[in-house]
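One chain, chain A, appears in both complexes that follow, with chain B as partner in the first and chain C in the second.
Here is the complex of A and B:
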């Protein structure tokens, strides 16, 4: 019996659509093979369909230890999964059954292939091995008590509980906080190496996997665009697609590209505090932003970087007048900007937001022209609104005839460009970009980032760039402010910050992104 | 758990008070009174009656009087059924309503949930379509249609079951119970189906499938409890409504339940009777919502907090 997982000429269809065409690869025992590529390239489909865990139908062959899984009935596939493979999914928040405790999950996982019932000590050891703190307490906890990172550790422990030879990890870290991604990925790789497991890794984040995988397959529209050793593809991709993917992925090691000159200071924020009442009956408040001060010059990009919950979005919203601010001042060219409701239309026009989820921020019933024209609604009569909308579409790199379409017909990247055009139609001096590229595919995100660069050069826009991605901040921002637990712990030019990081939070972020 | 119950019972007191006071005032604002008949009463008789029932006092005084009596468990005398207390009327009628409602509830939960789950497991197939069509029909058919229809078929044509009144065995319960329960059964079936069908596509089910767990075990262990949350939230208030009497069913099957007092009390402006029934109904609603919340907590531990 030949060991390993051998996929030959795999083809996956969903209904009449061919999602994956003619993919072949081999996963030898103990090896880590990564499937990477833009979204919609068929990565997850190729990984999951042979195991019967997707809506697709596979043809070709996929031999696991000599047994061809293509065409096997669900009963047999189920047995193969239970005995030989562990799975880790993208969504740790929802992949655990809400009414079952951590211990019950581990118990089920350990006995799935008919193994012995695990004792408490064994289960504690499992949690310990995935680096979960206080493992004894965790066994009796329900999943909603755990954070995303903790849940992913539990899922990894469950995936390993029956001692599988193979691990299939579908975007195992992309739903996690930036600071955690590197850590969890390293944990997965270490466990594979220690236990001699082979891992099939699906990820869109090339920077996150290129050091870990032995071999890499770049998928493009359901086909293999390039494959080979991960090191070689990362350093010198052979195909145009590979080169574009590599260039689109920001890295801390890349040389700094020049940014446009900046002018005089426009925005000054001093001592901003934001707090929310604590939910529930008990009184108390949750300090989201504490004593935050920053400045932004004309044509400058300031990146606000931090983990989730660090207060970066809350601060951004307070500055733009979209969220509450308990105390502190926001000045624009020396003039005091009142807090949210009392801000005049002109003041609101100065700072325009672009949000993370482009489709959620566009009204699905409106045409693109109406969406873009909304800020102009009472500045210009109806007939005149159409032309600026089309000009703006052109400025953000979309065809003029998009004006009559509705948001549902747009891709994520196109929708984000429409959201940018809407922000521009108010003729702002500054854009608030709240994770504006993090929901997008790497290639698309890179296009949107270059659009921001062009807009900054052409319009002299100032930008507050909120992101969790330090490498992206380094690529796009003149200065970087690092936030942790509601405070700005460090702020400096991108050169200084990386040459000589001061705050612990900065050092941790740099280490996690490296 | 204990704290949740205590807190909910404490917040129930102001809710109940508000309901009672509001019903009291609304009823007085409505034109007419308990002693308005075809033939007007002599003014002296009317004044004597009003004094006897305390109707000559100011409205706040009356409310206060009613509440102090209620606190001692006294719903007061009926103003229309002379010589009967409201407590007496309710004590006589409530068991009948509880029995019919209980039957209906049992039918709705057992048949409704099993039909819904069965349909969800065959989602998209013809069995599912047929069952859901049936469930929609059941919810759409009013009890004044199904009640007489069932009586006609099983009582008059087939002669299997009694169609009117009570008898010594339990057979008198079947037709009214079924007629009352059918619309709720349909609604429960639809909710259970939607709940489970949605749950079966959830990430944690895929994760369990990835572990190679047997389909039936996945259903029992991972899918069932979250799938029943919408059913629980619907059945709580529905149970209160079923148990406190259904005037249509009681009329069709000639049963002395609570429902008719609700209607007749309101028509006759029998203030204490209506208030008594409203208070009972409100109390049951609050109680069953608490039950529903406790069941939620069991179904989904996330609901145990806050």
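Here is the complex of A and C:
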């Protein structure tokens, strides 16, 4: 019996649609193979379908330790999955059953293939192996007590509880915070190496893959575009698709590209404080932003970087007058901007936002022309109202006839460009980009990032670029401010910040992005 | 969707146009043929014991039931959407207060309230649908409030604020159009419910007054003579069942499609 997982000419169909075609790869024991590519390229389908875990129908062959899984009845597949394979999925928040404790999850996972009931000591050891603190207490806890990273650790422990030889990880870290991603990936890799497990990793995060995977398959619309050693593809991709994908992935190691010159200081924020009432009857105070100060010059990009919950979006919204601000001042060219509702139309037009989820930020019932024209209606003086939506569409790189469409007919990248056109129609001096590219595919995101660069050069726009991606911040921003727990812990030019990081949070972020 | 909608359309069509095509109206008495059976003397469904044409009465009864239901559902729609939208949009203490009022009204036994209204103000068709509408808006308000709260957190509302849109304009141009689908779907489910309540009140003798009739009254009358003339009970009863079932099926389909479309 030959060891390893051998896929030959795999083809997956859903109904009449061919999703992936002609996929071949070999996963030898102890090896890590990654499937990467844009969304819709068929990564998850290729990984999951042979195990019977997708809606697709597979043909070709997929031999696991010599047994061809293609065409096996569900009973057999289920036995193979239970005995030999562990699975880690993307959604740590929903993949645990809410009413069962961590211990019950581990117990179920360990016994599913007819294994012996694990003792408490064994389960504690499992949790210890995935780096959970205080494992004894965790066994009795329910999932809602755990953070996202802790849940993903529990899921990994459960996936490994029955001692599988193979691990299939479908985007195991993409739902997690940037700082956690590196840790969890490192954990998965360490566990594989220690136990001689083979891992099939599905991910769109190329920067993360190249350090961890042995071999890499780049998928492009259902076909293998390029395959080979991960390091080689990362450093010198052979195909055009590979080159574009690699160029679109920001890395901390890449050379700094020049950014446009900046002018005089426009925005000064001093001592900004934001807090929210805690939900529930005993309303305490939740401090979201504490004593934050920053400046932004004309034509400058300042990146606001931090983990989720660090207060970066809240601060951005307070500055743009879209969220509450308890105390502190926001000045524009020395003039005080009042908070939220009391901002005049003129002041509102200065700072325009672009949000993370492109489709949710467009009203589904409005046409594109109406969406783009909305700020004009309220903010622009009458004389300026006549700039047609079509011109703005052209400026953001979309065809003029999109004006009559509805948002539902747009892709994520197109919708984000419409949102940018809307922001531009108010003729702003500054854009607030709140994770504006993180919901997009690498190639699409790269296109949007270069659009921001072009707009900055052509219009001299200032940008507050909120992101969790340090490498992206390094690529696009003149200066970077790092936030943690509501405070700006460090702020400096991109050269300084990476050459000589001061704050612990910065060092941790750099380590996690490396 | 098709058969259910088709049946509803047929019933509505018959109730609207039917009475004009008949030589008899629902109140006039044919002294020559009192209490005749089916298909006699030009009375397709016969006459009742006062000599009134049963088919004319069935069509008019359906029309009355339908219009009461529609009017009551509209009352529910207007109050419910306004109440729910304001509570959801303003939020905070206002929301708490408004929804506690809804909870309080829920706790009242609503049949009792309607009956009390009838007794105090006398019977009138206006009061019937006002009374029913005042009860039905509660659920509509809850549904709309939930939708508004969900919509309020969508980024396009924040984008509208950044575009300088005043709160009232955002509510009218962004929130309400997006609530409309759900409100209409719920309206379609309210109609059959109101049909049932109206028929029940009429059955008890609290609905519309003679000589005007409704499905509930016809079922009541039919029940009294069902041993001699089962058709008198089965026909209005059948129309009632068909109407409620088809409306409910059509409404649920509409709601499900809407949920798929907005996912």
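One rule holds in what follows: the second predicted complex is superposed on the first by the 503 of 514 C-alpha atoms of A that agree within 3 Å, B and C clash if a C-alpha of one lies under 4 Å from a C-alpha of the other, contacts with A are read in each partner's own complex, and residues count from 1 in each chain.
Rule of thumb we're sticking to: a residue touches a chain if its C-beta (ideal position, glycine included) is under 8 Å from a C-beta of that chain, and two chains touch if they have at least 3 such contacts.
For clarity, every value in this text was computed on a predicted model and none was experimentally measured.
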- Task: Return fit or clash for chain B versus chain C, each positioned on chain A through the superposition.
- Result: fit
- Message: Between chain B and chain C, whom does A:284 touch in the aligned arrangement: first, second, both, or neither?
- Response: neither
- Item | Which of chain B and chain C A:87 touches, first, second, both or neither | first
- Task: Go through the superposed model and pick first if A:349 touches only chain B, second if only chain C, both, or neither.
- Result: second
- Thinking of the overlay built on chain A, is A:364 touched by chain B (first), by chain C (second), by both, or by neither? second
- Return first, second, both or neither, reflecting whether A:374 touches chain B, chain C, both chains, or no partner chain. second
- Could you look at A:15 and tell me whether it touches chain B, chain C, both or neither (first, second, both, neither)? neither
- Message: On the A-aligned overlay, A:97 touches which partner chain: chain B = first, chain C = second, or both, or neither?
- Response: first
- Message: Please give the nearest C-alpha separation between chain B and chain C in the three-chain superposition, to the whole Å.
- Response: 5
- Item | List of chain A residues in touch with chain B within their complex | 51-53, 78-83, 85, 87, 89, 91, 94-100, 108-109, 112-113, 142, 144, 155, 158, 279-280
- Message: Under the stated contact criterion, what part of chain B meets chain A in this complex?
- Response: 202-204, 206-214, 221-222, 225-226, 299-302, 306
- Residues on chain C engaged by chain A in the complex (per definition of touch): 154-156, 158-166, 169, 174, 177-178, 262
- chain C-facing residues of chain A, complex: 317, 320-322, 345, 348-349, 351-353, 355-357, 360-365, 374-375, 377-379, 419, 422-423, 426
